[in-house]
């Protein structure tokens, strides 16, 4: 993401000349106070919001105008903030939708589902339930599972741990660590600063829609606290 | 200031303009009245009532029956018609308002059909043959003016009411119901009661409108008085103007009624590319206008004016 | 207020020389009553063109304003207000059908204008108003009279005895069934003849399916069947009856004059053999009837002579002859003239009673081999009635 | 009253009711897709049906084509019409809000209706071929052949659509899209193309429905409203979202109508039909289906 | 002292799922109850039942000594129970201030006073800049803050909070915690707080209840509960949970606490 300026309405900007770079095979974390534009940045990256200026590059290729439904085919995936399950489909069907791109190939789809079930055995238990009847945390897990069906290379994650029980939270972060080991590129937005920083290779912070600090985790950790204090002034 | 000037102008117009315009404007006022009444529940609370004609028709028939069968004084029948429509709204609304979304819409639609069938089969309502209303003992011009001012006054009342509601906690709570009903109730909004109030208020006004309409047309029969067209027009006019704003009906109704009337009158008179337009062409033009309005002003004219902002993306 | 200029009795109400005489009205060009209205419109256009090519009325060109009331009484009312007060028409034509016409009559009356009524029947309305001149040569109570008279002529053994009536819920058809003040109407006619009414049902105009009605008629062994409908449901009833194998001895579509509408021919066998009353058929060779039929064949591609065109033409002919005879547009004087004179029309020679209704004149037709044959009275018959 | 009706009358009424119910189902399928599954209030649905009837008329009068063949031709023709409507209008507005969709589609209704009047006039039309007036008689019970054809077509379409929506990934994707459009896009679903498909299919069924209706009922450019009203009733009574429930509701309404028309005076039949529908809605709350997912 | 809330043997099932099974507890005025438990253990269902959205299959709830079985949610709200939601449920087209005012529709509060109250609460959660914006234009975390403020509008006696801190920035969370404590101590408001963030609860709650499969598997002081073996097994996970709890800071209000915890484990 390079020099992106974006906003929802003509009269105000949510992102002002923001640049982010998610390094391949690394975990990049994006931090910032509430309303600083983190989720918006992810939306722009995924094509859900068209930037007013600036570019989005994937492996050096410009993809600024590629619509979101084509991003998955490029190997990107997004886990959005808030609730996004398909409430009236069963858990199994939700996952199948996650494998939409494999749709033609029934066997690959089945294999992908099995892989996800293997990773999250809980999902298997619920497979015949309507996703909408699950509890809040259960739904979050379904969303994570759904994202993983497509086996993406570049993963954008917005607040993965909200609403999850500590056991599961641990698993989720372990999972992210594992994804990184699998050489996937991860861009993580999280208010669970502590956990996120622990995983991060590189950190960006946003403030009022502008780039603020950035740096390697090591270089960063000491400054973090002062920074968070400064966010309080809004 | 501007509002006072507009009201003054309308009041003066009643005696200045030619009679057919007096009639047309009366119809405009009546529909604004109906649309504002509809808007309280439909626009603010998002409960689309597709059976507004039920209350209108009940009002008309209450006036008709009381006046011709029981010799009640015409002026007295008008408030009674409002009361009767409110009673019907209470009977219908209390169960119906438990339903949401399309289920509510369809229920109100069926109920308007039901009332129509009932009125067609009752003796007291004159069945399919309808009721001839007594006419007022004035010359046609005075007659029209009386109705002009009656509808004008009621319309102003309804607009004022909507204006007040829109700025009150009552209004906010109605919008909250439209946006997300369960949390609204959990936050302490007595949703059923508020919806019922909104419905009853609208029904009363519609009933009064129906009664005046009955005296104005001097002949009521079930097909026309309970016509689905009225229900649909009220909804569309509010949509064109902009849902859930007090200005919506004030803009939407004249826009649609006057356009329709002008097109109807122009059709067949205007030469078009050398040949005359066939009279039915006005319908096509009217449809295209509707489509354009929807494309250019997806939230109605008021949406354009206010630039009401889109819903948040769901992700 | 300066209104209804034509009602001022001091002058004869004629416009200044060279200015047109304006005739106005509405029709249900769209909506439920569009079928018949189309015949009216074609006939009005035809008459207008004729009259103007012959120098107009009393030397004035004639202008005609016909709005589309969308088959909606309220729309019609506001359009008549406009016709009277804005367009300042000199002569007012009625819309089609009782439900609409009944709504505009009070407006015409309040403005002291005659409603030249080729559009609807309504014995009650005629009798209670002095502002109508009609052109239907029989009113609701007599819509079924021809069938019963024809039956009277049959040998007793062939007469049907079990009557079934299905009636559309409409002011007009209900009066066809019930008559007026004990006079006429299907029920009275049948009772007078000692027939048994085994089915008497009403249906709403919006009914989508009438198979239940037909079944019951069939189960009740109805042999004299009356379908009292307006145009649109008439075809549905005929078709349902045919496809459910219901074949009464006599089937009369005694409501609207539907068997002369263009769609009747398309019904094929389902439309065959059905009776109806009518006012004028080309075989009567009344004044102008054949020219009118030729026009309909050309403009509307009709194969059967439309009764609606006939009444439309008739009212215009009466109006024209009255204006030319009385040399005035004063409404009272025109009415007086009409009530006291005799008119030659496509509906035959007409005289009027004190209410503005033409005297009774009807034939019974049966739809046979794609044509309406006159089967009663014998003096005008073109074929023998065929009972099933 | 009840005692005087014979058994055969009742059996006949039941059969009529089933056939009529299937006709109602047929004209409701498209609406079930657009309203029940996509959430678009397609008030222009019945004008598309009406166009289907005129397609049959034109093909019969010009080329002498049998309506059954026209029903097949209607599929691609109306699919295309649906695709065009979606692309040009619905995709632009229906998503901003349901009510805007309502407005634009009402505009479409008025335009199609007006155009049809210009082209075909307001005259009532009746379509007649060898079998439109034919009937079979079994054990004294008459069955109109065109209604039988309509019923068969309705059942085939119900089966096809139901299988499509419930068992194929496409069908699931359509339902997913209806529930959360953005989430569907994130999952790689091309929601624009899928919407085209849905509207194409819905319009195609409307076209077929129109052809079939023309075999049974007289039609003109304006009396389609009655079908619109019935279609909405069927879809909503069935409860949004399922083709099977649409079938159930269609049959239910057809049966209520015909059975009550032999039990009660006909003038009260619609009163009874409407009353029962009101009760059904109030009792079930969400139509026959009535599944409720959690609120919070 | 009369308990604000007395819950007796409450059960609720959805089809074959037992969401609540004989849940009993009492809550005294001015106390804070923490509610934890694995996902799907019935926490949200419990809150939904307490505020009248669900009707329990059996068991009884008494609020201020009065059975609530026949009271609708809005009636309970008027009696002083307010609520936030796990996923923010704001009214999108209403402005932030209007969102605040909705719950006062039946209250006899003067309009100016209501406005002032809304302004103060919004200032407190840091949303005063956004007062006139439609709520749809708030970010995810801001919506949660709005809900928090909204729940205090009616000056409730009992507040049910479903994960009030999810997605909320740590600094602000600290402020929210402060506010909760203030309300509890100064106005004797009671809270039931569902949260997965044990450290927060530790500093606030006198009692914690842990649920699993609809049942209460542990209750007691935060310390007791977090050391309870069942809780660790079902909910916290072995080392993870313990690490957090044992190193819980003395003063959670201090922002530094979040970074001074030992161990790299997330909370």
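Every chain is named by a letter (A, B, C, D and E) in the order it is written, and numbering of its residues begins at 1.
Here is the rule we use: contacts are C-beta pairs under 8 Å (C-beta built on N, C-alpha and C of every residue); 3 or more make two chains touch, one makes a residue touch a chain.
Everything numeric here is computed off the predicted structure, so don't read it as measured data.
Trainee: Under the document's definition of touching, what chains do chain B and chain C have as common neighbours?
Mentor: In this structure, the chains that contact chain C and also chain B are D.
Trainee: By CA centroid distance, what chain is farthest from chain D?
Mentor: So the chain farthest away from chain D turns out to be E.
Trainee: Looking at C-D and B-E, which pair shares more C-beta contacts?
Mentor: It is C-D, judged by the count of C-beta pairs in contact.
Trainee: I'd like the Å distance between the centres of chain C and chain D, where a centre is the mean of that chain's Cα atoms.
Mentor: So the centroids are 36 Å from each other.
Trainee: Centroid of chain A to centroid of chain D, CA atoms only: how many Å?
Mentor: Whole-Å distance between the two chain centres: 43.
Trainee: Could you work out how far the Cα centre of chain C sits from that of chain E, in whole Å?
Mentor: Distance between chain centres: 76 Å.
Trainee: Quick check on chain D: which residues sit in contact with 2+ other chains?
Mentor: In chain D, the residues touching two or more other chains are 117, 180, 182-183, 186, 267, 270, 295-296.
Trainee: Counting only residues that touch at least 2 other chains, which ones in chain B make the list?
Mentor: 117, 120-121, 182-183, 186, 280, 282-283, 309-310, 313-315, in rising order.
Trainee: I need the residues of chain A touching at least two other chains; which ones are they?
Mentor: Those would be 8, 48, 78, 80-82, 84, 133.
Trainee: Write out the stretch or stretches of chain D touching chain B in their complex.
Mentor: Spelled out, the residues of chain D in touch with chain B are 35, 41, 89, 92-93, 96-97, 99-100, 102-104, 106-115, 117-118, 180-183, 186, 225, 229, 232-233, 236-237, 240, 267-268, 270-271, 274-275, 277-278, 281-282, 285-287, 295-296.
Trainee: With touch defined as at the start, can you tell me which chain D residues reach chain C in the complex?
Mentor: Touching chain C: residues 5-6, 9, 12-13, 16, 20, 117, 121-128, 132-135, 137, 142, 144-147, 216-218, 220, 222-223, 226-227, 230, 257-258, 260-262, 265-267, 269-270 of chain D.
Trainee: Chain A touches which residues of chain D in the complex?
Mentor: Result: residues 169-170, 172-173, 175-176, 179-180, 182-191, 241, 291, 293-294 of chain D touch chain A.
Trainee: Touching residues of chain C toward chain D in the complex: what are they?
Mentor: Interface residues on chain C, with respect to chain D: 29-32, 34-35, 37-38, 166, 169, 201-204, 206-209, 211-213, 215-216, 219, 231-232, 235-236, 239-240, 242-245, 261-263, 266-270.
Trainee: Where on chain B is chain C touching in the complex?
Mentor: 18-21, 23-24, 27, 117, 120-121, 127-130, 132, 135, 139-144, 217-219, 221-224, 227, 229, 261, 264-265, 267-268, 279-280, 282-283
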